[in-house]
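We just call them A, B and C in the order they show up, numbering each chain from 1.
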Amino acid sequence: MIVTLGACSSSSGGDDANDKTDPITIGVSLPLTGDFSEPGKGVQQGYEAWAKIVNDSGGLLGRQVELKILDDQSNADRVVADYEQLIGKDEVDLVFGPFSTRLVVPSARVAEEYDMLFVEPAGAAKEVFEQGFKNLFYAAPAVANDHYNHLADKILAMPADQRPKTAAYAAMDDPFAQGTAYGLKEKLEAGGIKTLVDEVYPPNTTDFSGIAAKIADSKADVLVGGSQYQDGVNLIVALQQLGYQPKLAAFSTAPTNPEFASAIGNKTEGVLSPTGYSQDAQYPSNKEFVEKYTAQFGKAPEEDQANGYTTGQVVAAAVTAAGCAEQGECQKKLVDWLRANTVETVVGPLSWDETGKPKGAHMIQQWIGGDIKIVLPEDVKEAEFLYPKPAW
Amino acid sequence: MLNASRALKAGAILLLAAGILAFPSLAPNPYILSVGVLVLNYAALSTSWNFVGGFTGYISLGHGALAGLGAYGTGLLVAKGGLPPFLALFAGATLVAALAVPIGFAALRVRGASFVIVSISLVLILLLIFQSWASVTGGSRGLVVPRPFDLSRPEHHRVFYYLFAGLLALALLVWWLIDRSRFGLGLKSIREDEDKAEALGTATYAYKLIVFVVSAFFTALTGGLYALWFGDLDPVFQFSILTGSYLVLMALLGGVRQLFGPVVGAIIVGTALEYFKGAYGDTPLHLVATGLLLALVVLFMPDGVLPAVADLFKRFDRTQSSSIREVTASELRDERLKKAEGAAR
Amino acid sequence: MPSGALLFQSVLLGLLLGGLYALLASGLTLYFGIMRVVMIAHSAFLILAAYLAWWLHDQAGIDPLLSMIGTVPLFFLAGVGLQRALLTRLRPATLTMMSVLLTFAIALLIEGLLGYAFSGTQRRINLGYGSASLEVLGARVAVVKLIAFGLAVVALTTLYLLMKKTRFGWALRATIQHRDAARLLGIDTDRVAGFGFGIGLATAAVGGTALSLDTTIYPSLHWHWIGPLMAIIVVGGLGSVPGAAIAALVLGMAQSLLQIPMGTTWAQTVFYVALFATLAFRPQGFFGGRLAQRF
């Protein structure tokens, strides 16, 4: 008995597939504490909302779904041990991805080596898709480097006398945050907009006065921040202290946070941010999601929650089409189906190339009149693009 | 000479070795096996740490950085230098040992306090360098180390389990040899009273430096093996101050004067860490537990559990009491103080 | 080539930063002088004070500066207690090493408890005057940074006067110089050492409040501070308060200026380069020297 144990775990699993009344268990590891705890909790709520909505409407393949969520404390060693435990010991039927690029790559490798389908809500940096993973799919409209595509087009289409001429970039040393800022940088540089400042700061930076002094001294027209949340706020406050006034300011993630306005003293007018999700989007499943999510959690979902929910939708679509959900042969069927099909989700229809990269772009939001509104692309806009940005 | 405590000791060591070797076939699933690999990794690291901590009494909180250097050295030599994995492992460890010479040169010139400061600084500065120097190290994007063997994941764990066990055995053997040598005697004299050792003609500085480099070599070797096993390196986790503190806790808990002290400590602390993280998630409470345990060990059991257990046996074994024991300077001092106090009253 | 305005701005920022470093390093120096203890938990207490300031502001709207009324005496008592109840228990022969581990354990404990109580989320006090600034000769200086610097100057001056002009300061300096001799002169060195620790920890309370005014705090932030601080006390000559203060200003300024050509991350390495250089070429420190034995 002892000798054969090593080999049997990945092929057969503990519970037999023909026992249809068993719940489908789904293993997840998320950063519920540590550096990424805020977005991690957001994704967790998205997953929980998805599980509840699925179970309330009769489950998947007639079976209830059950989430098993472990906390990885934003730690790569932990995330690997977690998926190892979920797949090897707990023998879950499916896995969902964790949060943050840093954690996605190591955990995707575990899933890959156990031949599990790996749909993830948060590994947006291009490195994720360069590892040769065959089972990985990113459940969002675009990778980090493409987030600002609509904004870059808009800026470069301006008449030459209005178009900004110089830009300053400051990005957190994180694949996602840097990806967004450098995606825009590449396109603006190609369009002739000169880079005056290009700063990278470590994730734990708390004092931004030095970086701010450089940016303020450069008097660049465009300010681009590759930020998470708090670092964006700190940089803006430090720039305000120095009296720097850009004509255009774009930050990833931070401006969409509900506490952003009060954190920078309500001087938000004109600040831009890319987003992959809008509560008002007219996709069929989105209405149901916003309604039921609000009922469950008492507030409307944000982007992180939507990403988690989207992951659930993508896996559910594959499970329904393939008609199975367990370890072993079934996982290959799920992967093949996703590779060949398009899935309708709360962030729109998603399809993937062979590396698991989604084929889309993000919308651009802007703070206008004390509220954040979609301004780009033209066909879904809620307000006019505001340029130049009023003083903060 | 046959005596009970010696037989007990030999039996315990045999049992430990047999247990370690049999573990992979007893592990019920690959996850438990991967925990076993992790514990052996800790055991090898804390045994490597004990070359400095145990012999000289210098406590380094920076060995996590040496392991991280070994991991990155090996990883970079494989991923960017194209060397075969196990050649890269030894080349990487040799490089780290060479680097340990100037580090030790600065750190060991001054007694105690500065050594600890340097050891902590080493972790912090290497974290900065490996994060910032992204063109070489990959920075926050991490470094992916190619797998040395094309195996399924459970098989991969099994192979590396035995590799780690082999490395641990090698480190233990070298420690044992030094312990019995004149060199070891010189080192221990530094631990007991550095000034007197120097006055008696021991080349204390050279001794400290040599053993520091040996320790760095084994630490880097373990770190490099970890890189080959784990596959993904990230500066934040490789150069973490916590790694060093775990090693110190393990070695102190097990007993720094004992050959198997760090191993026992690693088995206790490593298993407990893994268990608590698995059962309660990785909440900040495990920091609290680590902190408390470290404080308790430092305050009440600075010699470790193994000596405490040995003391317990000695109570039953009267024949031992008259033989010559190894007594530390601080114990002698405590004893004398007690006697002096008794006399005063 | 950076413009003159940027250079001047950086010099000002460096001076403000250096002031805070000087205050914090003075506490570390004091512990080392009294007991040859490297107090790793110093910056953890710093973050604890900052959290208390944030928490009081968040819960009751109390201005962070007022929180010092509570935190300074509290930290003083904690310092006395720490010295009397824990550090004196360690064996004298291994005190330096074991005290490092003990204070390290305390740092972990504080970090873990902060994480448990307030989660790992980054926190920042939203002050009405948070983004206000003054113009000084063409450069702009944030009001909050000036307040923080002012706090550091006041605390350091108080410490200086306490050490130089009072009977207690005399006893403390005697204890630092030669403990046994001080005891022979009738100084209750145990008590003095305890009070010295209390004062050291009280500087952490002041520093933490200053810190909370202008930066984000999170539980593991203390590692970010302890490295530079330890480098400062070694460069300044272990045990010398003026040495530490000079080293703090010089290195703070160097960090701020190096940010212009090197960027934030590389600029931080200046502390460690200075530390290694000091140990390799002048282990007694650059500013302490013979004075290291005196105040």
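In the analysis below, a residue touches a chain if its C-beta (ideal position, glycine included) is under 8 Å from a C-beta of that chain, and two chains touch if they have at least 3 such contacts.
Just so we're on the same page, UniProt names per chain: B = Amino acid/amide ABC transporter membrane protein 2 (HAAT family); C = Amino acid/amide ABC transporter membrane protein 1 (HAAT family).
None of the values given here were measured: they were computed from a predicted structure.
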Reference chain B; chain at largest CA-centroid distance: A
Dominant chain pairing [most C-beta pairs in contact]: B-C
Cα-centroid distance, chain A relative to chain B, in whole angstrom: 39
Gap in Å, rounded to a whole number, between the CA centres of chain C and chain B: 31
For chain B, residues contacting two or more additional chains: 128, 131-132, 283-284
Residues of chain A engaged with two or more neighbouring chains: 33-34, 173, 200, 202
Contacts with 2+ other chains: residues of chain C: 115, 120, 263, 265
Sites on chain C touched by chain B in the complex: 32, 36, 38, 40, 86, 89-94, 96-98, 100-102, 104-109, 111-116, 120, 219, 223, 226-227, 230-231, 234, 238, 263, 265-266, 268-269, 271-272, 275-276, 279-280, 283
Residues of chain B touching chain A in the complex: 24-35, 38, 128, 131-132, 134, 139-142, 144, 152-156, 158, 230-232, 234, 236-237, 274, 277-278, 281-284
Contact set on chain C toward chain A in their complex: 2-3, 5-6, 9-10, 13, 17, 115, 119-122, 124, 126, 130-133, 140, 142, 145, 214-218, 220-221, 224, 256, 259-260, 263-265, 267
Complex interface listing, chain A residues touching chain B: 2-3, 5-7, 9-10, 32-34, 70-73, 75-78, 80-81, 84-85, 88-89, 101-102, 105-106, 109-110, 113-114, 125, 127, 131, 173-175, 200, 202-203
Residues of chain B touching chain C in the complex: 57-59, 61, 102, 105-107, 109-114, 116-118, 120-121, 124-125, 128-129, 131-132, 241, 245, 248, 252, 283-292, 294-295, 298-299, 302, 328-330, 333-334
